[in-house]
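Okay, so subunit A shows up in both of these, paired with subunit B first and subunit C after.
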Partner chain A sequence: MILVELTKLFRRRRTWVAVGLLNLLPTIVAVLLAVTGIAPRPGQGPAFLAAVQANGSLFAIAALAVVLPLFLPVAVAVVAGESVAGEAQSGTLRYLLVRPVGRTRLLVAKLVAASAFVLVSVLTVVLVGFVVGRLALGNAPIGQAMISVSGTVLTPGQVAWRTVLAIGFVTFSMLGVAAMALFLSTVTDSPQTASLGAMALLIGSSLLLTVDAARPLQPYVPTRYWLSFVDLYREPVLLSSIDRGVGLQAIYVVVLLGAAWANFATKDVTS
Partner chain B sequence: MAGSDPVVATRALVKHFGPVKAVDGIDLTVDVGEIYGFLGANGSGKTTTVRLLLGLVLATSGEIELFGRPMPRSGGEVLHRVGSLVEGPAAYGHLSGATNLALLDASARMPAGPVGSSRSGRAARRARVRDAMDLVGLGAVGRRKVSAYSLGMRQRLGIAAALLRQPELLVLDEPTNGLDPQGIREVRQLLVELNHGGTTILLSSHLLAEVEQLCTRIGLLDRGRLVLQESVDTLRAPTGRTLVVTPDADAAHALLDGRVATRDGDRLLVETTDAAALNARLVAAGIRVVELGPERRTLEEVVAERTSERQAGEVAR
Partner chain C sequence: MDGVSRPWRWPAVIGGAVALAAVPVALGVLPVSGAPGSAAVLLTRIEAARGHAYEGYAESTGYLALPVSGDFSSVTTLLGDRTQLRVWWADDRTWRVDTLSPFGEDSLRSLPTGTWQWDFEDDRATVTSGDGQQPVRMPRAGDLIAPQLAARLLSQATPEEVSPLPARRVAGRPADGLRLRPGDARSSIAAVDVWADRASGIPVTVEVYAAGATRPGLSTTFLDFNPARPAASDLDFSPPPGARIRSGARPDLVGTLQRFSTGVPPPSLLGYPRQPFVPFEQGVGIYGQGVTQVALAGLPERRAAELRQQLQIATGATKLAEGISVTVGPVGLLLTDPAVTAGQSWLVTGTLTPAGLAAAAHELAADASAVQQGVG
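For the complex of A and B:
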């Protein structure tokens, strides 16, 4: 069933359009930087964007920071929100269930497919970011050391494995959104409603992070630790936010998936 | 198959949607080898009952058994023996018909049992898909996407999906919807062939003529209640009266005085089962006979008699 879901997802043109658009924004940013040569001052703008003029390879990480706050979660919300509600809307849900595909199995397969989409998206962003950065921006030798966020020097090897960790962290961070969209997707028969609902959660969460009066809530909103992946490029790696981010996401994922399962397993499928 | 267990059995099946009683205490039985016609007006609860049988909708109370196993608890074990078409076909428009069927085939595990074509593997799957497409006359459509299919082709694809894996029970909701007369004939013929091969069929429809031609037994739903469950032969058995059509209606009426049940213009209904003797008597009396034979009720009459009149302005629930 998991294989079937992956086939359905990746044989859809829309999936690849989403991945393409996701890569378009960082590419535009890279081209603009290359043409104008105006980089944000260190400490301003998206993380790492200040450093890419000197070392284009770092644009892989900068690209991630560019899409992370909005583009990536929106794409995830669309794909995950579509998962069950889309089948309900097209009428294929009933034929899957009577095949029979167990409801829990279907939900798990949908979650795996959504996670696969997140991973593929993040990987392509990093990869395309790297290539575009090398081509358009500072063409420093690949072996050149990088200055960490803390000001010390990181070897290319260190940067590489930290980037792998960052990919993992970002992917996991997106699972909260995916779980929210999946839950809403079992509640409504309209994929748009499910996607927009998940986006509303994101926007609400981001908004609370900017309001000082909401400070007591801030450690618990889902987007709080997303950009903490930057901490992976400190020396030594600053793990406190990363840990908390992973823990918080895990709670969101477990609670929302539990809700999705509880709702879907006993739901009247009338679509 | 477990001897004489009915294929489908429900006891006091009830389903409420909020305040609406969609299904209100249904005892339905479909036996092995039957073509069961499930009749009822729009909104009478047909589709809800079908969804209950397949475990898509969960009953408020009552029991459901498929192949003698409780539903929806045993769905995982018995549903692979069922093929269904519920409320119209559905497929992924961006994929071809064959790919749709292949994905559907791959989505559920193959039963380990000795069921017909339980071979797994790609080649076997491709063969199954091709067989199903051929059966419904879609063998030649090639790789065309379903979004480019006509209504009739989609309906055929839906039937092909139901036939995948040679089910023992077919649950078909309006299977001839959207088909042209030729297509309707083909589907009817296909169903008869499948039934001869041992497939039990539950056919839900509001086309009485279709049901009358195909089905061996019917169940009639009215406002969530099963008001009639009877074999078609019994329903259509002679009523014990003989219909006479004659231009000499007055003379015939006088001759058969006391035995004429009703008279409507030149049509007389006579209380007798012996049509031949009646004919001889009329002819002997010089009365011209246009038409004469035992009265049989049509399904339409039976249905009209058993179904309560819809209130003026009452919308299907």
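For the complex of A and C:
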């Protein structure tokens, strides 16, 4: 069942169009940086973008920071929002469930497929960012040490394991959006509605982070710790926000998937 | 098709969600063992712990929207925003304080070899001789760490002014609390709540309340805390290869005024003697201690005009005969009219009540008038 869903997802042209569009923005940013040579002013651009002129390899991390606030979660919301509602809209959900397939199993398979999309998206952003950065920006030797956010020298090995952790953290952070979209996908037969609902959560959460009056709520909004992956490049590594971010996302994922399961398992499927 | 006849699933999910949401609330209200002890004893413990080593991750939150920008924007940000800090404190001369942002960090390290400032986004390391303990300077993020803020605010506290607060858990550790209600009627600070780590006596949370306020105007607390001496490797600094290195920090507004302002602050203000600073005696004066602190700055007319414009359009600005004043929570700002203070615009700022600010302005005007009459 899981294999079927994975195959279906990655055979769809629109999945790869989404991945391609996701990589387009950081590529444009890299090209603009290379052509103009104008790096963002301190504090004005995504993390590490000011440093990529000297070392293009860092663009792999900068690309993550470029897509993380909006483009990546939008892509995840679109794909996860289509999981169940897309089947309902096209009239295939009823036939899927006629087979000896439990609803819970189907939901798990949809969740795994959405998670796989998240992981593939994050990995491609990092890989494309690395390649584009090497080609378009500073071409320092690959083995060159990187300067940590704290001003210490990180060896290539240290950069590698920190980047693996950053990929894991960003991927896990996106699962909250995926779970929300999946839940809404079980509520409505319209994939667009499910995706827009998940995006509304994302936009509302980001907005609350900018409102002073909402400060007591801010530790609990889903986007609060997303950019904390930068803490992995401090010296020593700061795990406080990473820990809190993982814990918060885990709660959102458990609750929203629970809601998706409760709704889908008791729902009258008519289409 | 499984599950259509299992209506218990929704109650189970809702119950689970409520239980998960209740966990942080329950942890927050979980009573900390031990009855509140004597506040005077806790005050003594806090004083004894001053300068002890610790390390941690802290967050300060200011709710004070100061209506000033430009030269004062760093203070506006500190008092009106959330600041995330990492601190490694070996002793008062050897420490590191990092101000974190999603884009990078600004690290300040006081070391026996000098003071290093590292700005990641600017790719710049600045080294200055000395230990970073300038006698007078603009406020910086490190001043908001609970042990530093508590040391400043409790410096004149007496046992009669403090009362115990219920213990709470800070950074997962039990902490005992006290409330300072200052006896100085001119102070705009109504109360200072301090919680100190039970094991070490080091302050871990400070909340500052203005008169009549129900919530703190400024609060700072550790989210992670360890009362242990930090490793030398966390304190040391060598500029990374390729970084720009500057020797000698640019003077901040206070440093500039001390060098170039022609105004000489009076030897006392509101009965508080001016704190002695060498080698500069002009430009800036600091008066008072503890919860009542006043800074007096003689601004050049261009800077004063800019500030005056900002204060004039600020909500709650009060026009006085001697100038214009604004009070935001426990912070008061008053800019004198140079026509009544002998051609010098004085900025009076600090933790003074509006009446205290007006009295200070009146005193400055009277001093100027006396000097002019003496000259005449």
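Going forward, the second predicted complex is superposed on the first by the 269 of 271 C-alpha atoms of A that agree within 3 Å, B and C clash if a C-alpha of one lies under 4 Å from a C-alpha of the other, contacts with A are read in each partner's own complex, and residues count from 1 in each chain.
Please note the rule applied: a contact is a pair of C-beta atoms (placed from the backbone, for glycine too) under 8 Å apart; a residue touches a chain by one contact, two chains touch by 3 or more.
This one's a predicted model, so the numbers in the text were calculated from it and none came from an experiment.
Undergrad: Determine, for the superposed arrangement built on subunit A, whether subunit B and subunit C clash or fit.
TA: fit
Undergrad: Would you mind checking which one, subunit B or subunit C, touches more residues on subunit A?
TA: Here the partner covering more residues of subunit A is C.
Undergrad: Quick one: classify A:Gly258 as touching subunit B (first), subunit C (second), both or neither.
TA: A:Gly258: touches subunit C, not subunit B.
Undergrad: Once the shared chain is lined up, is A:Arg13 touching subunit B (first), subunit C (second), both, or neither of them?
TA: first
Undergrad: State whether A:Thr92 touches subunit B only (first), subunit C only (second), both chains, or neither.
TA: First partner only.
Undergrad: In the superposed arrangement, does A:Gly102 touch subunit B (first), subunit C (second), both or neither?
TA: A:Gly102 contacts both subunit B and subunit C.
Undergrad: Identify the partner contact of A:Leu227: answer first if only subunit B is touched, second if only subunit C is, both if each is, neither if none is.
TA: In the superposition, A:Leu227 touches subunit C alone.
Undergrad: Could you say whether A:Thr266 touches subunit B, subunit C, both of them, or neither, answering first, second, both or neither?
TA: both
Undergrad: Give one of first, second, both or neither to describe whether A:Leu3 is in contact with subunit B, with subunit C, with both, or with none.
TA: first
Undergrad: Which holds for A:Asp212: it touches subunit B only (first), subunit C only (second), both, or neither?
TA: second
Undergrad: Given the overlay on chain A, how many degrees, to the nearest 10, lie between subunit B and subunit C at the CA centre of subunit A?
TA: 140
Undergrad: Could you grab the smallest C-alpha gap between subunit B and subunit C in the overlay, to the nearest Å?
TA: 5
Undergrad: Just which bits of subunit A does subunit B share with subunit C as contact spots?
TA: In subunit A, residues 97, 102, 266, 268-269 are touched by subunit B and also by subunit C.
Undergrad: Flag every residue of subunit C that touches subunit A in the complex, lowest number first.
TA: 1-4, 6-7, 9-10, 12-13, 16-17, 20, 57, 61, 63, 82, 86, 98, 100-105, 107, 118-123, 125, 223-224, 234, 237, 239-243
Undergrad: Per the contact definition, I'd like the list of subunit B residues that touch subunit A in the complex.
TA: Spelled out, the residues of subunit B in touch with subunit A are 17, 51, 54-58, 75-76, 79-80, 82, 84, 86-95, 103-104, 106-108, 161.
Undergrad: In their shared complex, at which residues does subunit A touch subunit C?
TA: Its residues touching subunit C are 42-43, 45-47, 50-51, 54, 97, 102-104, 145, 147, 149-153, 212, 215, 227-228, 230-231, 234, 236, 238, 240, 251, 254-255, 258-259, 261-263, 265-269.
Undergrad: Any idea which subunit A residues touch subunit B in the complex?
TA: Residue positions touching the partner: 1, 3-4, 7-8, 11-13, 90-92, 94-102, 266, 268-270.
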